[in-house]
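Labels run A, B, C and D following the written order; every chain starts at residue 1.
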Amino acid sequence: MPKKRKIDVTSTIRGQAIMEVVMANRILANEGILDALGHVSLRNPENPATFFQARSLSPLEVTKDDILEIDLDGNVVTNAGVKPYGERFIHASILRARADISAVFHGHPLPFIIFSVTGIPIRPVTHVGGFLYQGMPPIYDDYEAGDGMLIRSRNEGDRIAHNLGHYRVQLLRGHGCNIVAENIRALVASAIYLNFNATIQLQALQLGKEPTYLTAEQAREAMEVALFDPLPLDRMWSYWIAKARMNMPDIG
Amino acid sequence: MPKKRKIDVTSTIRGQAIMEVVMANRILANEGILDALGHVSLRNPENPATFFQARSLSPLEVTKDDILEIDLDGNVVTNAGVKPYGERFIHASILRARADISAVFHGHPLPFIIFSVTGIPIRPVTHVGGFLYQGMPPIYDDYEAGDGMLIRSRNEGDRIAHNLGHYRVQLLRGHGCNIVAENIRALVASAIYLNFNATIQLQALQLGKEPTYLTAEQAREAMEVALFDPLPLDRMWSYWIAKARMNMPDIG
Amino acid sequence: MPKKRKIDVTSTIRGQAIMEVVMANRILANEGILDALGHVSLRNPENPATFFQARSLSPLEVTKDDILEIDLDGNVVTNAGVKPYGERFIHASILRARADISAVFHGHPLPFIIFSVTGIPIRPVTHVGGFLYQGMPPIYDDYEAGDGMLIRSRNEGDRIAHNLGHYRVQLLRGHGCNIVAENIRALVASAIYLNFNATIQLQALQLGKEPTYLTAEQAREAMEVALFDPLPLDRMWSYWIAKARMNMPDIG
Amino acid sequence: MPKKRKIDVTSTIRGQAIMEVVMANRILANEGILDALGHVSLRNPENPATFFQARSLSPLEVTKDDILEIDLDGNVVTNAGVKPYGERFIHASILRARADISAVFHGHPLPFIIFSVTGIPIRPVTHVGGFLYQGMPPIYDDYEAGDGMLIRSRNEGDRIAHNLGHYRVQLLRGHGCNIVAENIRALVASAIYLNFNATIQLQALQLGKEPTYLTAEQAREAMEVALFDPLPLDRMWSYWIAKARMNMPDIG
């Protein structure tokens, strides 16, 4: 385990990455995507072998002083003595396996669990759900006995990462969902609009109607142009922060 | 492209029109009809060849300093250097094609997308949905390849306007909805109550019941008497502003 | 038409009645039962031939200065020159026909409209829906041509009252619902829990299941003991005001 | 009936227990699990023959001065002259019958009533619903004539306790739900996540799909590890209080 050191927020790159993690926590809490449970992580832009994540704390309450630096085996390398999330192994293993992405979401929004227990394929039904272009996300169901359906070991983290494969979205049966993205803004957009897309699809199916889905090409293009391009993405980010600030005056 | 000039808010008519656009943005954000995406426009009452619309910014955050004047080809004629919405062409083309209306809404409320991907005709099920008197709204599905299902050119704006025809409401498959009205208050009322009417219709259909719809005559009359008449419309406008003010103290 | 006079709030009985009407407006707005439209009325405890109701204003905005005194023909007897609700005739006619009740609600909550257009009988499915003990409420559908499905004349008000008969609840097809009660607290409780009961019944039916309903005896008894008795009713009233005060600091 | 005495909040154990009851009330109000009706209780940690519960007041408004001490026959032993809940007998009888638990919830969240009137077995569909490991909860339907479906006597309280048996969850037909737990934090978590689990199950069933449920072993383990273990439970408690504090500044 590396030597522990205090997080240095004077480094601009490091400090900015930490603040993005804080804001992602606040936004996802404010939008009702995360409650007391669930977490996000961002790869350290100055060291791809570590990532930033809050200590064991609800996303609503996270401040910059709560952000830990953790290595890809799940060891906390800063702030020794502070309790990390038991499920940090999800993030460690995925970030180790997927050099193409830098941000990981783990959460339990209601519509995702419905898809995870009915086996109905979640599919892109709107342009803001375009990141589902890869087809039906894998559903993980290989829980370790004795861990209460939580992912609490490096071994199980690795099984999660293996099941995720090259996908952007993964459901955990009866538990929730993991999402990955290139950066934290795209990750937050994916989590919020996956919830939106899933709700639309569920309500359409409750009408007894199979909705028209986006083709894979259309979906991927919509993801790139309508969601992850800086024009819409920066507008969303500014909006989510403005909205969170209405409820959380401590956001500057 | 016309010569750029600063927006002159000392003109009463111009200034009032701009303030109505600001309030429409805030109301639609506060009512949950628009999130970071979506936009409204209002024809310039002093020059029918231009319209007012916010720069690329979430409706929640719009102030009078964010309002641009744009011509009917989609060129920004004021505030050069500020980024407009990529989809302003929806507004430009519709306002060019439809001399009978002065206000345009483009947004993505959840129930509209359900109708757009199931092909179920959205119909008036309540008096406040009376503006649906024209029958099943057209569903646009002729997206430009490479634009991610966004409407980002004059050409596609014109296809949108052609598909809209003489209707008040148009769905965009897997994307959202356009609405037009004679003035911005009627437009905001249409957007809010289309969401309400659509939700009622969906829940009735989820019961496996075909609800009783309004006849065309009854619907049109309800629109005129119960929705767009100044008695109910001014009451609604005052209400929406009072409600928005509870969350947005910067509204005067 | 009686001589107009200013409302005298120094009379304790009169002033208290007016304040209960104000609070009922605020509570129903805060609970999401009424938006800009809809209204409540309370018979004048000192003169059964008049009632108190707000001027044409959204319930959220009503203060004591907005309360009118209106006679049972729908004539405003105070505050001449201030615009009353166009639909005050619903209240006037019902209060004239029903000496057994003193408070009337007219509104458009979403679940009520669903029952009004599907013809499914709304029935008591929970103890707090016990006021539905009388069986399937009448559904009014005899709208005056030219009035946009609004009730804007004494004649149509009388047809409404006739259709209501001895019931506590009446649906208006494609429009909304009228509710009556002995006092304004019981009225507010009926409106809020009718919405609750209707939502439960709809969701049960969406499961394809006919729920177990309360018997008429059980329902009536539940209304008297669990809803309209002062022990629960005063607790509810205090709660609704405490909750409204969180959003409306101008409530004392 | 024991001699009445003032509640002594200087005793640390007693004072802490009372504060936990206050916070449970506020949290359940803030999370929308309890409205004006419904209540929680906690066994006195210094005297297992009494419990703490608010006087007849909505959970939103409860402060430490509103907490009564009540014995297991339902007699108020402190604060004589203050009105207790009519249904305190639910708590008294269950706490008398069940030495294994110390906290009782009684409330009326919408999804629980749906299960209670359709007879569909509520089952664990997610890890946070693991406390449903015991199989289909009993449904009480042996109401006393004349009591409006309320539980207002020691006799009926005892029938409730007998019907509950060794279960953690019990539905009351057309009325609501009782939940028991070892401590008040586990109780609050059970109430909040029972609502969540029930909603997921209902929506899955509305798709016409029988979801995959947790096995009894998996569910019990999930309850112990993922819900009632101090790591997640303390995080939840801190979160619920932080969230309640945003709406209720009087919470310290």
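The rule we apply is simple: a residue touches a chain if its C-beta (ideal position, glycine included) is under 8 Å from a C-beta of that chain, and two chains touch if they have at least 3 such contacts.
The shown structure was predicted, so the numbers you read here are calculated from the model rather than taken from an experiment.
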| item | value |
| --- | --- |
| Most remote chain, CA-based centroid, reference being chain C | A |
| Same-site or different-site touching of chain C by its copy chain D, using the half cut | different |
| Chain B and chain C: spacing of chain centres that average the CA atoms, whole Å | 33 |
| Gap in Å, rounded to a whole number, between the CA centres of chain D and chain B | 46 |
| Touching two or more other chains - residue numbers and ranges from chain B | 206 |
| Chain-to-chain touches, reported pairwise for every pair that qualifies | A-B, A-D, B-C, C-D |
| Residues of chain A touching chain B in the complex | 124-128, 130, 196, 199-200, 203-204, 206-207, 209, 211-214, 218, 221-227, 231-232, 235-236, 238-240, 242-243, 246 |
| Residues on chain B engaged by chain A in the complex (per definition of touch) | 35-37, 56-58, 60-61, 83, 86, 108, 110-111, 113-114, 117-120, 143, 145-150, 173-175, 202, 205-206, 247-248 |
